[in-house]
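Take a look at the structures below.
Two complexes come next, and they have one chain in common, chain A, joined by chain B in the first and chain C in the second.
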Partner chain A sequence: MEQDVKKTVPDHDETIIEVRDLRINIKVDEGTLTAVRGVNFEIKKGETLGLVGESGCGKSLTSKAILGINDKKCKASGEIIFDADGLGRVNLLELDPRGKEIRSVRGKQISMIFQEPMVAFSPMYTIGDQINEATRLHITKDKKKSKEISLDVMKKVGIANAEKRYNQYPHEFSGGMLQRALIAMALVCNPKLLIADEPTTALDVTIQAQILEIMKELQKDFGMSILFITHDLGVVAGMCDRVAVMYLGKVVETGTAADIYANPQHPYTQGLLGSVHKIGTKNQDKLFSIEGTVPVAMNLPAGCGFYERCGKRIEGVCNVSEPELVDTGCGHKIACFACTGCPNAKKEGKANE
Partner chain B sequence: MSKGDKILDAKNIVMDFHSKGVTVHAVGDVSFSVNEGETMGIVGESGCGKTTLGRCIVRAYEPTGGQVMYTTSEGELIDFLKIDKKTMKQYRKEIQMIFQDPYSSLDPRMTVLDIIKEPLLANFPDMKKEEMEKRVMDIAAKVGLNTTYLKRYPHAFSGGQRQRIGIARALVLNPRIIVCDESVSALDVSIQAQVINLLHELQKEFGLTYLFISHDLSVVEYISDRVGVMYLGKMVEFAPTKKLFSHPMHPYTESLLSAVPVADPTKQMERIPLEGEIPNPANPPTGCYFHTRCRYCTERCSKEAPEYKELEPEHFVACHRAQELKLKGFDYDD
Partner chain C sequence: MLKYIGKRLLLLIPTILIISFVIFFVIQLPPGDYVTSYVASLSAQGEVFTEADIAYLREQYGLNDPWYVQYFNWMKGIITKGDFGYSFNYGRSVWSVIMDRLFLTMGVSFVILIFQYAVSLPIGIYCANHQYSAGDYIWSFIGFLGTATPNFLLAILVMFWVYKATGQVYLGLFSKEMLQNGMSWQYVPEFLGRCLIPLFVIGTSGTCGIIRTVRAQMLDEQTRQYTLTARAKGCSEATITYKYCLRSALNPVVSGLAGSLNTIFSGSTVSAIVMNLQIQGPVLLAALKSQDMYLAGTIVMTQAVLVVIGMLLSDIALAWLDPRIRFSERG
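Moving on, here comes the complex of A and B:
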């Protein structure tokens, strides 16, 4: 593989990407959906950040905003600062979504794996052709060389018989194999950041375990960072260094995976973790469940988005203003008025914003 | 008949599908029984035949062979597969299904009221309209639907609400058995917990028997009394839940358990990876179906199919080496 990408990784700044106050509004017939309402996070080199939340919380929109591939109806504001090779530190949101600059980033420096491999591939072209597309666009125009590179990556992701598979069409692949091919396609340019949007949700547990294992290994080999988007808290626990929990377009809690699982502070995080049954624990009579459903993000009332469903809500506080994400002192940030802070933290809660 | 008696006894169920001159053995010789008031879980990967098995039980498919012995509330024994369709209709009231996808399993052109009422119309055409609506209202309230919204169409409801509609539709006939085919798989975790709790409450209240088909092992472990594991159309292991999860006796179960993601970064299990993919059921391997992917495979396994038998009380396994292997499962707290 071409190694030039790896060498130019700057060593002065460990942070690869920083999302600041990202907001996405979507115009629909009924009005404006405030789908993402001020998301903040950063990802460091070689680290995996898990973005967790239920459907409709804005996690996929956030990830697509990074690549500038959201629908035209979505209006994004805020900053997504990426340390791009050849461009320096740029705000990806300011780049023309059809321009030259973003194209040198998209698919090369930041690439993405999608949820349904069956949909992500075109049925009209062979797998080899589709992996090659990225290689030819970003690495080399030489047909022979690009095939070599593609085959090499296919072998790395564990596709047996890569030479034969190269000339096959997507329908000849099983779901698990296709997901491997998708990962190969994403990794062929040796990206700095890989966005994985529910990469294993459509797969069986045994295949899921294989794919997660491969992703971990490849992360070590390639030294890339991963933004791992999922609703599966079990998968996050095994994959991620840090976790950001999203609710209704906002990050409500973020911290190291160990911290979040051991000391979840935000009532939503607690509810989410409580509603997953752990095998081997004594069967409670009832699973913990969060009452109600996620509200539609349109004309939201003032106050915390979780107010209606929250068991710890304080009337007159939580429904008046919206809590900001506050660092409790140990990197564990919480956006909640009712939380006293992380037990690990020193008592110097300072505002993040 | 009282709680704990056999309500359903499936024997040697075989279901073959024919397509383009190829025969696919979707379910091959599966036997199990379900007791009244219990939840029996069936797990396995996609394509292992668990849905087909569920559909054979309610005779949505006509199985190629086997028996489904059903004990009526009067204690009479009936073979679902022997009786004609007309007689079957009478018993369909007592065995209902809840489906996976709350979006495609409800007719978008019917109001929720009509959807829940439809089984009553089909089975009790003489019932008075008022009586019917009252019954629908009662059931809707039971499953936690707001009864003022019943004149609305399914699109106005969220995924969790729609699944409640599906549950109400299954319950309206007062069934004794409900086959839940991946009934909570499409829901978000917090909603999933709500629906699981609801299923639990309804079971207690009406003494329902569940056949719970799912690929989600955590959910199955939570809800089931006994669990069967399927692989390539065959039942490979069947045991009380705790026994199966703590002391699996089939290598496939062991791998399956080790692949379950655990929501605790400090308790990650050692994975026992399965090599390769599930073989083509139209052309299954010789001997034990699992031998191509089994790490304990011996020569005998590739030649001779193991018998499915009760090796320990209530613990059925189909593996030649089940008794000598010490397989790993989950550690239980108590």
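Moving on, here comes the complex of A and C:
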């Protein structure tokens, strides 16, 4: 099919998935926690979007909401529009999370790889069995054919000796190999969108580089889009076309990766980039760190979520209403009054609602 | 795998020998012996014994030897002749006394075991899949109640209710007619009916325990990353429950198999007495009370052997269930 879509020049017209005003509430003993507070983004065909933010900012919840595999305690609202084969353009949030429709999307059209490959496979079954399960669910029931397909994709992700590895159990694999196997399992049905939830966080650095290289190559081969979730800005620079920076359940800045790196606007993004260690800098100073901690997303005060920790905060503005994403040109959007100017009266009223 | 089973079987021999030694030592610990209790009970009825009579009895039963010599002779008989000794109470060989009830005991134990798992597994799975639903609460309540209620109390209550409802007294597994005329096919329905109460009573506490274990294990498994992976792959909820969660959740349940075998066998003594069941437990109690030491020793040893074999079986089942165990055995 679209085998030769180039990663660097995404097909601008075709949007694979559109997330509109996604909100996720989690019921906890103390009340309701709003972990995701109106996230918007879209991913185009063949494009990689990096979703960046620190732990607990809602990036994993957002990605799992796409597949509808969040815990029962999480209630998602908003829209996730996906152009699914056989279903047309659907709002994934409206599908029954246990129903047939969403299951025909999961693993086949949208698949996911996880942070910790060591626990992502059941220790009870062979790797081959678990990869083949996806093949049999979505491609063919024919045992011989599905095994061939599974072996083929195992070879593609660089698992040497695939025939032998097929019959081995997860505890006989190393972490890096397991991540390859997990990628194989995710790609076996040639999905339109791959969600990679911190796929390299649990791996050591040399293996990280290998895995990322494999992902990039396979993206070229399969022509899929990737939603790449990470808190590692170094990885983002090498992997992503566009970046969305999340803070406290909201996207605070989004744009092309080049833009964000060259010209970060939001104080949070600046802080994040400032806290990355750069080899070769003569700077003897301590690594920059953002002061304070992320507030708990419950009964949040009015105003910008970053207000307490922000170096550029404007009293009487930032703590009164919450900034919306504003396009500063070329698709670089920022949600910050200090960067985009003070809100007009109309906007203030809206944000206060 | 075969090599492993062979190795385990060989290990059984020293284990059982040591167990038999400890059993015998403990059983002869109380002061006095069978003759003491025999003389005491007959004296109470007015019989008069002279010192010479008592010495003669002791001599006849071989009770004058020190306990380790008695143990040695007992073991020699078992190993060389398959002779488990003589039951003073019954006046015949221990083996024949045990054989009277062995099959019934094992049959009852086995049926109860099946009953426990057949009932508790589905309920445990249901409770986990519907956590905090009304059904879960009801079963949890019954589960705690069943675990906490002593079996003999439940036995009395159930028999009372059955009597109130039907006007029939169901005591024991056999009716008078059965014992008089011998077993024949016409009695089978009644026999099965009589099995229901013991099955329910003895099975309850184990069943409730397993329900709790299965529920907790299943809930634990449902939060595992691989369950999420399976769901993200597009697996149906049934596949997730049975293929991924249940198989891992069974691990501790299977480990508990050996223990529950023993609980049914020996733990049901009091209930068996209350319900007048013709199984091993009450015989053991009587033997211990009258210091009928070879009979008591043999019954306790049979139990020990059952437990050891149960453990072996559960280990084999575990190895079959869990590849990690299978592989560590190989290495």
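The rule is simple: the second predicted complex is superposed on the first by the 325 of 353 C-alpha atoms of A that agree within 3 Å, B and C clash if a C-alpha of one lies under 4 Å from a C-alpha of the other, contacts with A are read in each partner's own complex, and residues count from 1 in each chain.
Keep this in mind: contacts are C-beta pairs under 8 Å (C-beta built on N, C-alpha and C of every residue); 3 or more make two chains touch, one makes a residue touch a chain.
Predicted model, so just to flag it, every value in this text is computed and none were measured.
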So, after the overlay on chain A, do chain B and chain C clash or fit? They fit
Query: Thinking of the overlay built on chain A, is A:K108 touched by chain B (first), by chain C (second), by both, or by neither?
result: second
Original post:
Counting only touches as set out at the top, which of chain B and chain C does A:K220 meet: first, second, both, neither?
Top reply: neither
Per residue count on chain A, the busier partner among chain B and chain C is B
So, does A:A258 touch the first partner chain B, the second partner chain C, both, or neither?
first
Touching A:K144 in the superposition: chain B (first), chain C (second), both, neither? neither
Touch test for A:A237: chain B only (first), chain C only (second), both, or neither? first
When the two complexes are superposed, chain B comes to within a least CA distance of chain C, in Å, of 9
Interface residues of chain A shared by chain B and chain C, listed none
Listed in rising order, chain A residues that touch chain B in their complex are 54-55, 174-177, 204-210, 212-213, 231-238, 257-258, 261-262, 271-283, 285-291, 293
Within the complex, chain A is touched by chain C residues 224-226, 228-237, 243-244, 247-248, 321-324, 327
In the complex, chain B touches chain A at residues 45-46, 158-161, 188-194, 196-197, 200, 215, 217-219, 221-222, 245-246, 255-266, 268, 271, 273-274, 277, 330-334
Within the complex, chain C is touched by chain A residues 64, 67, 69, 98, 103-108, 111-112, 114, 116, 119-126, 133-134, 137-138, 169, 171-172, 182, 185
